[in-house]
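Shared chain: chain A. Partners: chain B in the first complex, chain C in the second.
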Partner chain A sequence: MSRSSVSAMNWEAQFKSDTSTLIQSGKNGKSRTGALALDSDNEDQDITMASASESDSARARPVSVAPELYIQDDESPLSQLTKHWMNERHAPDILPAQEELLASLLDHIRRQSEAVQLLRGEPSASEEEHIRIMLVQMEVERVKFIVRSYVRTRLFKIEKFARFIMTDATIQTRITTAERAHASRHAHLTDRHFHNSVLQSLPETQSHLDDTPIFMPPMITKPDESRPVFVHALRDCPPIRFHEDLTLEMKRGHISLMPFSFIEQLLLRGYVELI
Partner chain B sequence: MANTRQFGDLATQLVMESRRSTQTDALLKYNDSLVRSLLREQRRNERISGSPPALLIIQTAVSRNKRCLLAYHSHRIDRLRDLYWAVGGALPHILNNQDTRSKLSPHEVDYLRQYNGSVMEFRSEFSHELDITANITNPPKDLHVLVHVVRDCGVIQTELGSINFQKGQRFMVRRADIEHLIVQGYLEEVS
Partner chain C sequence: MSLPQSLRTSVTPPELELIASQQLIEIIPLIAIEKTAFISGAFGPLQPPRKAQIPLWMAINLKLKKKCHIVAPEWLSVEFLQSRLDEEINEPGFSKLPFRYAEVSKLLLDVQVTFAPDDIQSTDKIRYLLKDLREARQAKSREGVDQINRGELSLSNLCSMEINEIRPFFVHAMGILTHLHRDASAEDQP
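Take a look at the complex of A and B:
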């Protein structure tokens, strides 16, 4: 984990320099070299390195993208995604989809790949530039890995709770349209498989999937909100009330183990992360 | 022996099979005969009439059997989905494998086909940027990888143009281009 977040830094720096270059060139109509000069003023080697591959895509892109959102934010999109990815992997329930964040990262990945393709084809590129290109490619691959893992984690949960999702309106607001379509297809598919393999051969009175016999768990798998999770407070949190006379006030940096249901609200508001 | 059998014996056998499958981490052959006899038992139980206490016991047995049947099938499709993702969503690879194929029931083959369709539809959302069915167990460490061809897999498009992978050859290729072939056992990583 630490390894990947270290190298993730380069990519973030690049995203920022990318967007700032974009703004600069958009506002002042700076040329390609102008944008490059702007970046090489910066002492950070990584950023200079990134600009070599970025300048081409900056030229080709429409300027109408609105990157302000991320510049004002103190967290880069990638570290945000990494956080959401970890939360998603540890939470028993499905967390709200991060559609905008994911879309902006996917766009960025695509532009980077296109830029890399372009630059690779340039015969005049020096040895040093090739190494830079390789680093960018490597970084893109690693970001793709996180995106993939994030999407798949959600997909796994969605399949597991597919039938519950179809009956519950609140959970549907937390997933994307594509995810909901998949959940619906999956619920349908599982039902049909059960029907074909088992239920159709049973007598009419037994061929339903919604029995509620006593002393048996329900037939629809629901997220287990009481599952314990490790919680790391990102800032000072309002007190959490477990019951009548037991409350916990988490200070910034505090780590604790508790059932997911108690921490869910604070997690959604960004006070804590799961580890 | 058959006469002294208790209610729920068959269902217990079925659930034990799921359990063995988990413990040995292997997909066992679909136990068609056991499933059938259990279904027969269910139909027979439905027809039994008796005094209320006896009916209560039969009713409990009926719902337990049914639950066990469903659990068995549900456990199997979970395993099949794991299998599907383990080979990077390459459905033909599973279905062409005679060993695996012989363990599936016809309904399970249908299930896998439809599941594959559903996943492919979901995947198309991301098709411009990345392939979500690719490996997620190890984060990439190198861009390129030295591979040894274990089985012929024909001409594959890579960033260096198309390469004809033939058994016994070695290539240095971009990992993202051929990762699915490693997963499916056509290529082996040389370390």
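Take a look at the complex of A and C:
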């Protein structure tokens, strides 16, 4: 735990610079963002990631999966986020954004922190009361760590695939408006940098960033859908067809290693989690 | 960068411990605390000597302050682990253990040793058994390497820490096999 909190602190400093662009793009006329950003001091960077308006989140659902198909267990928001965090860490592709979940958790964190601040002020608190406050405070830090790690994982993928995101419409449906704005700026900045430093001095035929030369991987980094992942079936799954003569029906609790592309749909529908 | 290099390929053991310590465990409190609303739910009230269920991280924290005794889970006992070890040695498959047994047992054994060796009986014996179990299972998962193909590999009863341990190699190996196959079938139909 001590190691985690130390790295969380380092992350925070870095994170501020990483997300300053996001904060700005999120503030454009979203009343909700304004309200959240005003009364939170050290969490504003997290909040902006989660704060695109409700209408955006309705649009941001993946096209191929209807929302009602997603099986929601009777889980606390925290364990849901923990699951999404792990999925995001293991999946090669960017998964759909969990804006509502994130927003509600950040809200909860703020309320808990405010309560702690309030109780701290009381001089007459007993020893039991101190321990109680400390436990609440500790949990807030734990949840913050998970939230940060989740957001940073997405940010890492968005920067990595920035150029691809700008060209692909399906992946854009899975990210928030703020994340898309960040991807666009990132792609733009790197393009300009490459152009200014090298590409402008090269012959016209060699000065593009989106060539697909033969015998070479394409220049735009795409998510590697065939990368294997470890899956854990949360319930009995419909059969997966690998090729003509091999299908697999995963029972609840089954653990398996297989390429991401085979289980992507099951993952989006909540049948499996990545471990 | 937004994600440090060391975190990109896999999850780290401390992160797995963080997740595992979200699990509930039984304690005998030594202080009284009112019912409190946490983000993960409401816990308490704690009333000594009545047993209560709280998350593991909370229990460990209280334990370090000598404010509770942790009741060891049923599976963290010499009898249970011994029977699983026998099974592990005699049967071909992996025996059934709690998914996060490695993390939970480490967290619990760590606090036991530094403070009071009272809650978990015969700590040393349990340590040996856990180590033997780990080695027996590791040997089996290494044997699993030759079963990797491009399709799918079932690993029932494997635990979270063990998966994390074999992840880099297994993912890489299966990735290469998939690529080889894709290249071969692409050449078949030019």
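In the analysis below, the second predicted complex is superposed on the first by the 202 of 275 C-alpha atoms of A that agree within 3 Å, B and C clash if a C-alpha of one lies under 4 Å from a C-alpha of the other, contacts with A are read in each partner's own complex, and residues count from 1 in each chain.
FYI, contacts are C-beta pairs under 8 Å (C-beta built on N, C-alpha and C of every residue); 3 or more make two chains touch, one makes a residue touch a chain.
The model shown is predicted, which means the values in this text are computed figures rather than measured ones.
Partner contacting the larger number of chain A residues, of chain B and chain C: C.
Shared-chain residue A:206: touches chain B; no touch with chain C. Of the two partner chains, both chain B and chain C are touched by A:109.
When the two complexes are overlaid on their common chain A, residue A:147 makes contact with chain B while staying clear of chain C. With both structures placed on the common chain, the touch criterion links A:76 to chain C but leaves chain B unconnected.
In the superposition on chain A, A:259 makes contact with chain C only, not with chain B. In the superposition on chain A, A:128 makes contact with chain C only, not with chain B. Within the superposed three-chain model, A:186 lies in touch with chain B and out of touch with chain C [touch as defined at top].
By the touch criterion stated above, A:227 is placed in contact with chain C alone, chain B being left untouched. In the superposition on chain A, A:246 contacts chain C only, with no contact to chain B.
Across the superposed pair, chain B and chain C both touch chain A at residues 4, 109, 134, 138, 142, 145, 149, 152, 155, 159. Contact residues of chain B toward chain A in the complex are 35, 39, 42-43, 46, 60, 62-63, 66-67, 69-70, 73-74, 77, 81, 85, 105, 107-108, 110-111, 114-115, 118-119, 121-122, 125-126, 128-132, 134, 136, 139-140, 142-143, 175-176. Of all residues in chain A, only 1, 3-4, 7, 14-15, 18, 76-79, 82, 86, 89-90, 105, 108-109, 112, 127-128, 131-132, 134-136, 138-140, 142-143, 145-146, 149, 152-153, 155-156, 159, 224, 226-230, 242-243, 246, 248, 253-259, 262, 275 touch chain C in the complex they form.
Listed in rising order, the residues of chain C touching chain A in the complex are 1-4, 7-8, 11, 14-15, 17-19, 21-22, 31-34, 36, 38-41, 57-58, 61-62, 65, 67, 148, 150-158, 160, 163, 167, 170-171, 174-175, 178-179, 182. Put simply, chain A touches chain B in their complex at residues 4, 106, 109-110, 113, 134, 137-138, 141-142, 144-145, 147-149, 151-152, 155, 159, 178-179, 181-182, 185-186, 189-190, 193-194, 196-198, 201-203, 205-206, 209, 211, 213, 216, 219.
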